[in-house]
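Dropping the structure in here first, questions after.
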Amino acid sequence: MERLKTGVHGLDEKMEGGFFKGSVNLVTGRTGTGKSSFCVSFLYEGAIKGEPGVYVTTEEMAENLKDNIKSMFNWDIDKLEKKKLLSFLYLEPIVPTDMKVIKDIGRILKIYIYDVSEKIERIVKKTKAKRLVIDSTTIIEMFIKDEYMRRVGIMKLVNKLRELNVTTLLAGNIQEESDALSMGGVIEFFVDGIIKLEFLPVAEEFKRTLTIRKMRRTDHSILIHPFEVTKSGLKIIKI
Amino acid sequence: MERLKTGVHGLDEKMEGGFFKGSVNLVTGRTGTGKSSFCVSFLYEGAIKGEPGVYVTTEEMAENLKDNIKSMFNWDIDKLEKKKLLSFLYLEPIVPTDMKVIKDIGRILKIYIYDVSEKIERIVKKTKAKRLVIDSTTIIEMFIKDEYMRRVGIMKLVNKLRELNVTTLLAGNIQEESDALSMGGVIEFFVDGIIKLEFLPVAEEFKRTLTIRKMRRTDHSILIHPFEVTKSGLKIIKI
Amino acid sequence: MERLKTGVHGLDEKMEGGFFKGSVNLVTGRTGTGKSSFCVSFLYEGAIKGEPGVYVTTEEMAENLKDNIKSMFNWDIDKLEKKKLLSFLYLEPIVPTDMKVIKDIGRILKIYIYDVSEKIERIVKKTKAKRLVIDSTTIIEMFIKDEYMRRVGIMKLVNKLRELNVTTLLAGNIQEESDALSMGGVIEFFVDGIIKLEFLPVAEEFKRTLTIRKMRRTDHSILIHPFEVTKSGLKIIKI
Amino acid sequence: MERLKTGVHGLDEKMEGGFFKGSVNLVTGRTGTGKSSFCVSFLYEGAIKGEPGVYVTTEEMAENLKDNIKSMFNWDIDKLEKKKLLSFLYLEPIVPTDMKVIKDIGRILKIYIYDVSEKIERIVKKTKAKRLVIDSTTIIEMFIKDEYMRRVGIMKLVNKLRELNVTTLLAGNIQEESDALSMGGVIEFFVDGIIKLEFLPVAEEFKRTLTIRKMRRTDHSILIHPFEVTKSGLKIIKI
Amino acid sequence: MERLKTGVHGLDEKMEGGFFKGSVNLVTGRTGTGKSSFCVSFLYEGAIKGEPGVYVTTEEMAENLKDNIKSMFNWDIDKLEKKKLLSFLYLEPIVPTDMKVIKDIGRILKIYIYDVSEKIERIVKKTKAKRLVIDSTTIIEMFIKDEYMRRVGIMKLVNKLRELNVTTLLAGNIQEESDALSMGGVIEFFVDGIIKLEFLPVAEEFKRTLTIRKMRRTDHSILIHPFEVTKSGLKIIKI
Amino acid sequence: MERLKTGVHGLDEKMEGGFFKGSVNLVTGRTGTGKSSFCVSFLYEGAIKGEPGVYVTTEEMAENLKDNIKSMFNWDIDKLEKKKLLSFLYLEPIVPTDMKVIKDIGRILKIYIYDVSEKIERIVKKTKAKRLVIDSTTIIEMFIKDEYMRRVGIMKLVNKLRELNVTTLLAGNIQEESDALSMGGVIEFFVDGIIKLEFLPVAEEFKRTLTIRKMRRTDHSILIHPFEVTKSGLKIIKI
């Protein structure tokens, strides 16, 4: 089974070498736990080896995200972008002009699932991306109110991503008071893997931590791993 | 009373030899706790002894599921499939073209219960299956919003499965923050048996565990049993 | 005051000799805690002494229930049934053809309360039953959505049962995460007695337990009593 | 300030001699904690001294209640009833023929508050009652769905009871999982006093207990008092 | 900054001398924690020094409140009322004849905010009140269902009270199971100060306690202060 | 990266010198935890160095806020205001004349997001402000009921604030019983930084504390810092 390195120093050895090729994975955590850093590390790892990657943002302007990345890491993002090894796409949320659209179930799937996946497919094909990030899927989950339809819609989105045959990270938000794995409570059942990021007390100090909560086709660590963010990237701390 | 072996090494002796023939059982747990592994082990146990089995998926493409199984176990799934000892059926969720359908109670039962059970009946009869898995029933539970109708619908589904006279495992999902036995909160009252899978701390380590939460007509263990997933199948760990 | 023995070995002495004649009692617990076993023991106790009893099921086919009982106890259920000392009635849930019915308050009472009690009255009179079980009342509670009307409906049902002058056990379901006494949160206020069944740790082991939570006109134990299910019936364990 | 003895042995000395004349008090607790016993003791205390009392039931037939009382206490209820010192009234709950009535706010007040209080006023005047029990007010609270209107309605009911100038006990139900003071969450703010009945562990045993949660115009105990139910009445246990 | 003494013995020294002039403060607590006693003490303190005060009740007849006060304290309320140093006003809750009114947002503000504040303004001006109590604001909060409109309405009410330039206490109710600061969850953000009353264990005994939860423009104690209610008024207990 | 000093003594050294230029930050906490003090300190710090700042209030009259500030700090607010280094703007909440407006999604964005940001843009440009406070954003969050639209609206508001290129503090309210980061549960995901204010026990005493919960582009302290409010400003207490 082909594996793609995660880009996080020390993590690949905890999961048989990385994410398996074509898998769809959820990177989830509360605000400020490092989800975007994790996701961009995954793309950077590929880009410097010549594998093109796409970063789709749904909740932030691409420019602002790039500024955040540049201030965090000593990486030449602009060069990689120019070489088409790294692409950014801002997928603006749909604002329906009238409420009826939202209540028409057939159109929800069309608008939000086919439409979103079509846009993603187009950029993936255009850039020949091997790695894909969608940050975040929360706004897509929130768009579909009906519990049954949300389940169907998210299932179809994940299945379409699998067909694209890129290895994908989906960034998910968790609310401060919640111990769930996603805000919509559905996506975690459809993805192949789940990485959960937290702030936890480790040896009397608060540390950023990372847990592999689920990883299909993979014999993976089930421990909580503290990690640090350095200028050259994320690093699992050995303990 | 005739018993069907579970296919999990060490489990049959904890429940008078296995599931009783024709029983309908729930295998439930949070995401990544091993429900699909458990269910496929049950079918594999029968298939290698010549008892045909059917795996109905409602939330995943059959191909993807087979890839997951192959990467997990050293089993020749393709050969068993060719011999018609193992069959896979993807039951696509219904997307009603308009919302009214969902509010028409009579049609809900028709669409979701009679229709689903008819499709299942057809493949069971065609393959002469003795063992059946439906993974998962969550989407069926979610389809019926009305608490009373959900109760009636699930009761009718379970009764129809009993009439088919195959021994059945239903895979159910539990949300991360919940201690319930199913997402819909109803199916657990109608099944004959419940196996609950968890991640629990055992002797200062997190282990996959299995508990027989209920098993009608059976004198069963009520302990929590740690188990491991090996290339040749699931194994209860003796402690 | 006339008392009817419970049929559970060791329980009568904890409650002045048994249920008082004509009382309506709730036997409640989570799934798999032994409610049906308790209820059938009560009927069996009467039947072998020549007191006819009726077991009304609302959520399970009568045949399946009988199979469960036979596999559990060394009792000749068929003979008692032939002698008309034990009768089984499956009360199929109503599926209204349209939703409006449910919103018409007057008809709710008619359909669900008068109708259900009429059917029960008929079989009680026909069999001259002295003991009655309704397993379960949950589906009746769920049918009535309006909190006020549920209260009125359940009150009327319990009052009608009292008029029949049979001693009655109502089996109630409790959801896994709940500490309530019933799913509808109402019936416990109208019954004369409540027996709560649980799985609880007793001396470092999990045991089935039984608590008399309420028993009008009775000086009763308020302790938690572990019990066991043997081939000859239920037995309170002395500690 | 004139005080009416509670009828519970040992309680009057904990609250300046009893309930103050004309006060409206809530006796609240989960099912089976002794609310009806407490309420009837209050009426009995008056009746044997020649003060007429009325027991209004809203959720139980008066006959059934009387049977419960007779089985509990060695009191000659029938004689007191014949002497018109004790009266029982079953106030049947209203079942509106259509749902609209419930949504018409003006009529809610009319039906449920004026109507109920008129019936109560009539029997109070007819019997010249000095003591009144309404068991329970829960069904009245449940009838009014709108939080604001429930507040207004209950306030008006309590004010009308105060005008009658009888000393009143209202019995309230609390659900098993709740620590509230009433099911509707409103009535506790309008009454003059609150007696809370519970089952609590006292010296390693479960005991019935009683707490004076609030008592206007009264310097009262704030301790938890265990009590027992004897054939001659309720008794506070000294500790 | 001008300060008005609270009327509670020992409290002024904990908050720079009292409430600042013109401030709007919330006195909040569960039922029976002494909110009305606190509020009337504040008015009494002013009245005996010649500062007129008004007590607006929204949930109780003024006569009943006065009886409560008289039974609690050795104060000549009637004399102060005759001298126009103490006035009582019962503000009857509005019962809309039809539900539409409540859904018309513009009218909600008109009815409940302008109307209520106009009535209050009139009596404040007529009596030249320097101190004002509104007991309670809960019914006003409950009247406005929409979370946004409740926020706007309560904000406008508090702003109007500030314009009147009287020092105001608003009594708020908290439900038994809640740790909130008000039932509507909004008013606490708009007032200048919050006094929270509780029943808490102090040195192995339950005591009435008082905490200054917030007090703008004031350096205040943040401790929990036990207090007692004596015939001559409320007193902070030194510990 | 250019940094703006926070105005809180001892805080800048915990976050690489202050807020980064152009960032949008959330200052959040329960009522009375010092959010307004924190926000005004940030503006004051700039104003005394000649950087104009604007304080937008949405829930309080500007005059009342200024009185609060003056009573808290020894600062010549009026002089700074006259010099146009400090400006105050009260943004009155919209009261739609009919409910339909709120349900028209397109108009929500127009009214609440474009309209609010236009007003803010105008004053920022007019005053050439470098620092901006919006106290609070809660009423904006509450205005948008739909979870999806709230997410879109808040995202657009934060993006527009970023375009203005002022460094911004948004004050957010948290309800007493909640551990969330905002009342609407959305804004925390879009801002660059989050400062959380609390009342916490520090060395057996309750203290005001401050935690940097998130700060993009910044290596920041993750400890809980007690602070005090003095006449000359807020000060982190060293421990």
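Per-chain residue numbering starts at 1, and chain names A, B, C, D, E and F are given in the order in which the chains are listed.
By definition in this document, a contact is a pair of C-beta atoms (placed from the backbone, for glycine too) under 8 Å apart; a residue touches a chain by one contact, two chains touch by 3 or more.
Nothing here was measured: the structure is a model prediction, and the numbers come from that model.
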Given subunit D and subunit E, the chains that contact each of them
none
Note: chains that touch subunit B and subunit F both are A
As a multiple of 5 degrees, what angle does the CA superposition of subunit A onto its copy subunit E give?
120
Take the average of all CA coordinates in subunit B, do the same for subunit C, and state the distance between these two points in whole angstrom.
30
So, what's the distance in Å between the C-alpha centres of subunit D and subunit B?
52
Please compute the C-alpha centroid of subunit C, do the same for subunit F, then give the distance between them in whole Å.
60
At least two other chains touched by the same residue of subunit F: list those residues.
none
Should the pattern of chain-chain touching be classed as line, ring, star, complete or other?
ring
For a test of understanding, state which residues of subunit E touch subunit D in their complex under the given definition.
31-32, 59-61, 64, 67-68, 71-72, 93, 95-99, 138-139, 142-143, 145, 173, 175-177, 199, 206
Residues of subunit C touching subunit D in their complex?
1, 20, 103-106, 109, 147-149, 151-152, 155, 159, 162, 178-181, 185, 188-190, 194, 213-217, 222-223
